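There are structures below to look over.
Below, subunit A partners subunit B and then partners subunit C, in two separate complexes.
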Partner chain A sequence: MFRNIFHLKSFVPIVGVFIVLLILPPIIPRFYTYIIALMFVTGLLAMSLNMVVGHGGMFQFHHCAFYGVGAYTFALILTKTTLPMWVGFVAGPIAAGFVGLLIGWFCVRLSRLYFGMLQISLGSLIWAIAFRWYSLTGGDDGIHGIPMPSILSSLNCSYYFILIVLAICLVGIYLIFKSPFGTTLQAIRDNPQRCEAVGVNVRRHQLVAIVIASFFAGVAGVLFVVLEKSVFPDLLFWVLSLEILIMCLLGGWFTFLGPMLGAAITVALRTFVGIYTEYWTLILGVILILLIFFLPEGVLGYFIDKFKERGINAMQEEK
Partner chain B sequence: MDIGQVFTFSALGSQFLVGLSRAMILFIVCSGMSFVLGVLRVPNVAHGSLYMIGAFAAFSIASLFGGSSTGFWLALIFAPLVVALVSLIAERALFCHLYEREHLMLLLFTFALMLILDDLVKLTWGAEYKSFMAPPFLRGSIPIFGSPFPRYNLFLLIIGPLVAIILWLFTNKTKIGKISRAAAVDREMVGAVGINVSWVFGAAFVIGCYLAGLGGALVAPIVSITLGMDQTIIIEAFLIVTIGGLGNMWGALVGSLIFGLTQAFGVLFWPQFAIVFPYVAVVIILIWKPTGMLKSVW
Partner chain C sequence: MLRVEAVKKSFDGFLAVNEADLLVKKGEIIAVIGPNGAGKTTLFNLITGQLKPDTGRIIFKDEDIAGVPPYEICRKGIGRSFQIVNIFNRLTVFENVQVAMLSHQKKTFKLFSPTKGQVIQETKDILDNVGLSDKASKISSSLSHGDQKVLEMAVALGNRPELLILDEPTAGMSPEETSVTIEMIKRLTTDLGLTILFCEHDMELVFSIAHKIMVMQQGRSIIQAKPDQVRDNREVQEAYLGGSA
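And now, the complex of A and B:
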């Protein structure tokens, strides 16, 4: 099975990038290590969203609800209970997946746009709970200075932790993407009626996809807490959900690593543009409009298309 | 706190009126959103920003006239028109070229519009709190049910039904209203009988945004006008149009009433958690009927 999925040709550069990322932190300044780690976390979140939006074709408008649930669960277990950290680490994604199951159970019954609207509504309810329940979640301040075990307290250690978890998750997402389930999901995206007709249980597939994506979003939430050592209600806010959608669009919906690239570009831009101006969202809005009009298949999608075109042209010339 | 003291007739009655007047503002904003949802089938994420622009524009116009009655009336007339103009420009310059694309792109466009408008508001009006007074004849309060009731809220109670009636007349009695209702049900057919669907969509978008601006202008004298005011209203609007039934104008009214009244009575029963009551109501309704109380247009 693995031989069909992992080609040696594509394996070498991936391992190369991984090794480069492994040796980076001691060399580069702390700030850059932090930014790269943030790119990883955001990238994982975008990848998990793309599982349902890009590959599944569902209108997952409020993905951050699951991200926030994962982060809050982890943070609450660390601060309010005496349970060891790994319990929180397991509980965060599972809680996110469970919320995904609850919300998804209502959503998959509806038409696509209604799906999105209902999800925004239900996700906003979760945001409202986190925002108002001062005694539990710290309300709009959130929880800061979450105590971490000593192995994760320094930035470099959390960087490595995030990198390894990210690598495992990416392999997992890739396996799902290439599995019969993943291909069925893409078939559902392209033609749900026909899938229904050949006997695919469309709703169940969509629901399972939502739960898996929520699970990975929960992992991203936990990693965010590992990196930042704080949680706040903005993690669950719908504006962030749409920003993640932009990242998927920027990188390319229909590519595997596109969302990762989109997240990296967005985080880098936000960091470096933010130094010069406070009107970052204005710039993001303009970028988004340019994207919608001129590059709807995303950066990576654009290059892949170009590449294919060149290949086709070359083949035609050979003839 | 003594329960009997709280549940007096006058307290209940005045809270009911407070909730009703809040519901009227919500209705005006949400009907606009619902209208756009019904015709274009796009949740207009920029709706809250347009509401905010309406409030800021009303502040600017009213302060030009130094808080006189004329200033207030002019603000009420021109602030929504400013918002409509902004949306018209955005629609004709950019949005109208996207109607053939998939819905996700349309949604992301409105999100981009929201990001840009929010920062433009910050650039134009600054980040400080703004407020202005209602005209003299709408200040103060009059006794109703034995307890004082703000006159401005009474004014809202008159405006709200007025807007509802005008909207009803518009969608049912005018040609463009009928066309837009038809476009909501079957847009291909509307195009097939020779109507320029792009213009119908444009008109619907601008009318929806006008209503957002009207809501902002109406609410401006009784709240502090800040940069964050778009975020709260948009979530409430999303919830209201979902529980009401997407694209259904009367659903927006029902949803607004539920939202406004539960919030107002929540203040009476459990002041610290008043904001939770509408959300609980929304959860109950969504579990009971995930597709909203009234029939969705799509």
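And now, the complex of A and C:
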């Protein structure tokens, strides 16, 4: 199954990066370990969004609603029940996928922009529940100091846990991306009308894609709790949805790992620019404008294009 | 095989198709002709489910398919190409046909087995058949217009249709490309046993390959008959051929 899609050429650098990430925590300061782990979590969230936006062509405007549902489900199971942690870990993504099914069921019936608007409104409902229901969710305070088993209590341990789950998820997302379902989804992005004419039930494929993407967003939500040991309504707020949409755009939505890169850049900027100025969103805005004008395919998309051009030139020179 | 009976469709009070009738028998090549705005494309859209008729019946293999969604009509065995190139821009030529083939074999929900190993031979056969195999790995939006029109047809063939509907298959093609395409259509009908329903402005093409011709004017079907009968029909001459043919 794997031999067909993972080339040895790309396999070596990937394993290399993975090993470097494995040996990093003991040698770098704690703060950087934390930032990298945050990049992983945000990156997974952006990757899950890109499944529907970049590969599926849907206007998924409120993706972090599913992220928040995953995080809150996990947090509530850990704090309000006596169930073991793994139940919460499984329940978080499943709850997110289920909410994805509910919201998606309505959204896929609408065309592009209306799809996005409906999703913002339905997602905001969930935010309102988390924001107002003090007795359950802690309202605008959220839930803090969520108890973790000793295995995940230290930062380095949660870093490794997040890294491994991320790796598994990325392999899963990649397999789906390269599967007949992934190809069909890209065909729907390019031309839904034609897809219907070749016998594809477009709505059903879109719905399944939303559920899968919500599931992975739920995984990211759970990982966030593992890292931060807290949840708060901002996780569900539409501003965050916009931010991850920008990450996908920044990295390049038609590439596979682009959103990961976009998330890493955004998290790094927010952290390091945030030290010097409170107006870091202003800088994000400027970057977005420059991006639209100069790198419409995103950072990774730009480099892939350059790389291809060089390859073609080299081939022509050889001839 | 296909019978269209008294089908009507209006858009905001404008009657695009008004009482159109059409009969397609297995193995035939039927052409639909008529001036611009006669309702040819609308009629095709009604047959393949992109539009729902207001009244009338569309019978395909003894089943009324009026108002059935396009993907189900396609699964029943009607494939179509579009007048304006309508392909998957960011996918390669190979993937364009492959998607249709995957859909035909009901494999589009496979999540964990790579696309690379699916329906390879079937897709190759179709590309060989239409002469696009040397461009298989190109991104489809980079093809020339003529090649895109051919790809358009190849995608429709990916569903292994029994009835193939072609909406102006040679529109915008150069004369050489047109003659190659005509040969191809002829060959496909005999090789694959296809029934073809098409519309076209190129009268030479229509009269050279159609077994029967249906003439439409202002949404109405005037006549459906053999080419010489259509040529000699006075009503057609007045309405469409300008009395000069």
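Assorted remarks:
Methods note: the second predicted complex is superposed on the first by the 317 of 319 C-alpha atoms of A that agree within 3 Å, B and C clash if a C-alpha of one lies under 4 Å from a C-alpha of the other, contacts with A are read in each partner's own complex, and residues count from 1 in each chain.
Following the convention adopted for this analysis, a contact is a pair of C-beta atoms (placed from the backbone, for glycine too) under 8 Å apart; a residue touches a chain by one contact, two chains touch by 3 or more.
If you're wondering where the values come from, they're calculated on a predicted model, not measured in any experiment.
When both complexes are superposed on subunit A, subunit B and subunit C end up sitting side by side without clashing. By the touch criterion defined above, A:Gly116 reaches subunit B but does not reach subunit C. In the superposition on chain A, A:Lys80 makes contact with neither subunit B nor subunit C.
By the touch criterion defined above, A:Gly182 reaches subunit C but does not reach subunit B. In the superposed pair of complexes, A:Val286 makes contact with subunit B only, with no contact to subunit C.
By the document's definition of touching, of the two partners only subunit B reaches A:Phe106; subunit C does not. Note on subunit A: of its two partners subunit C and subunit B, the one contacting more of its residues is B. Put simply, the three-chain overlay gives an angle of 80° at subunit A, taking C-alpha centres for subunit B and subunit C and rounding to the nearest 10. In the superposed model, A:His144 makes contact with neither subunit B nor subunit C. Between subunit B and subunit C, the smallest C-alpha to C-alpha distance in the superposed model amounts to 13 Å.
The residues of subunit A shared by its contacts with subunit B and with subunit C come to none at all. Residues of subunit C touching subunit A in their complex: 48-50, 69-72, 74-75, 79-80, 82, 86-91, 95-96, 98-100, 102-104, 107-118, 155-156, 158-159. Subunit A contributes residues 1, 4-5, 175-176, 178-184, 186-187, 189-191, 193-202, 205, 208, 254 to its touches with subunit C in the complex.
Those residues of subunit B whose C-beta lies close enough to touch subunit A in the complex are 37, 41, 43, 45, 94, 97-98, 101, 103-105, 107-109, 111-116, 118-120, 122-123, 231, 235, 238-239, 241-243, 246, 273, 275-276, 279, 282-283, 286-287, 290-291, 296, 298.
Residues 53, 59, 61, 106, 109-114, 116-118, 120-122, 124-125, 127-128, 132, 237-239, 242, 245-246, 249, 279, 281-282, 284-286, 288-289, 292-293, 296 of subunit A touch subunit B in their complex.
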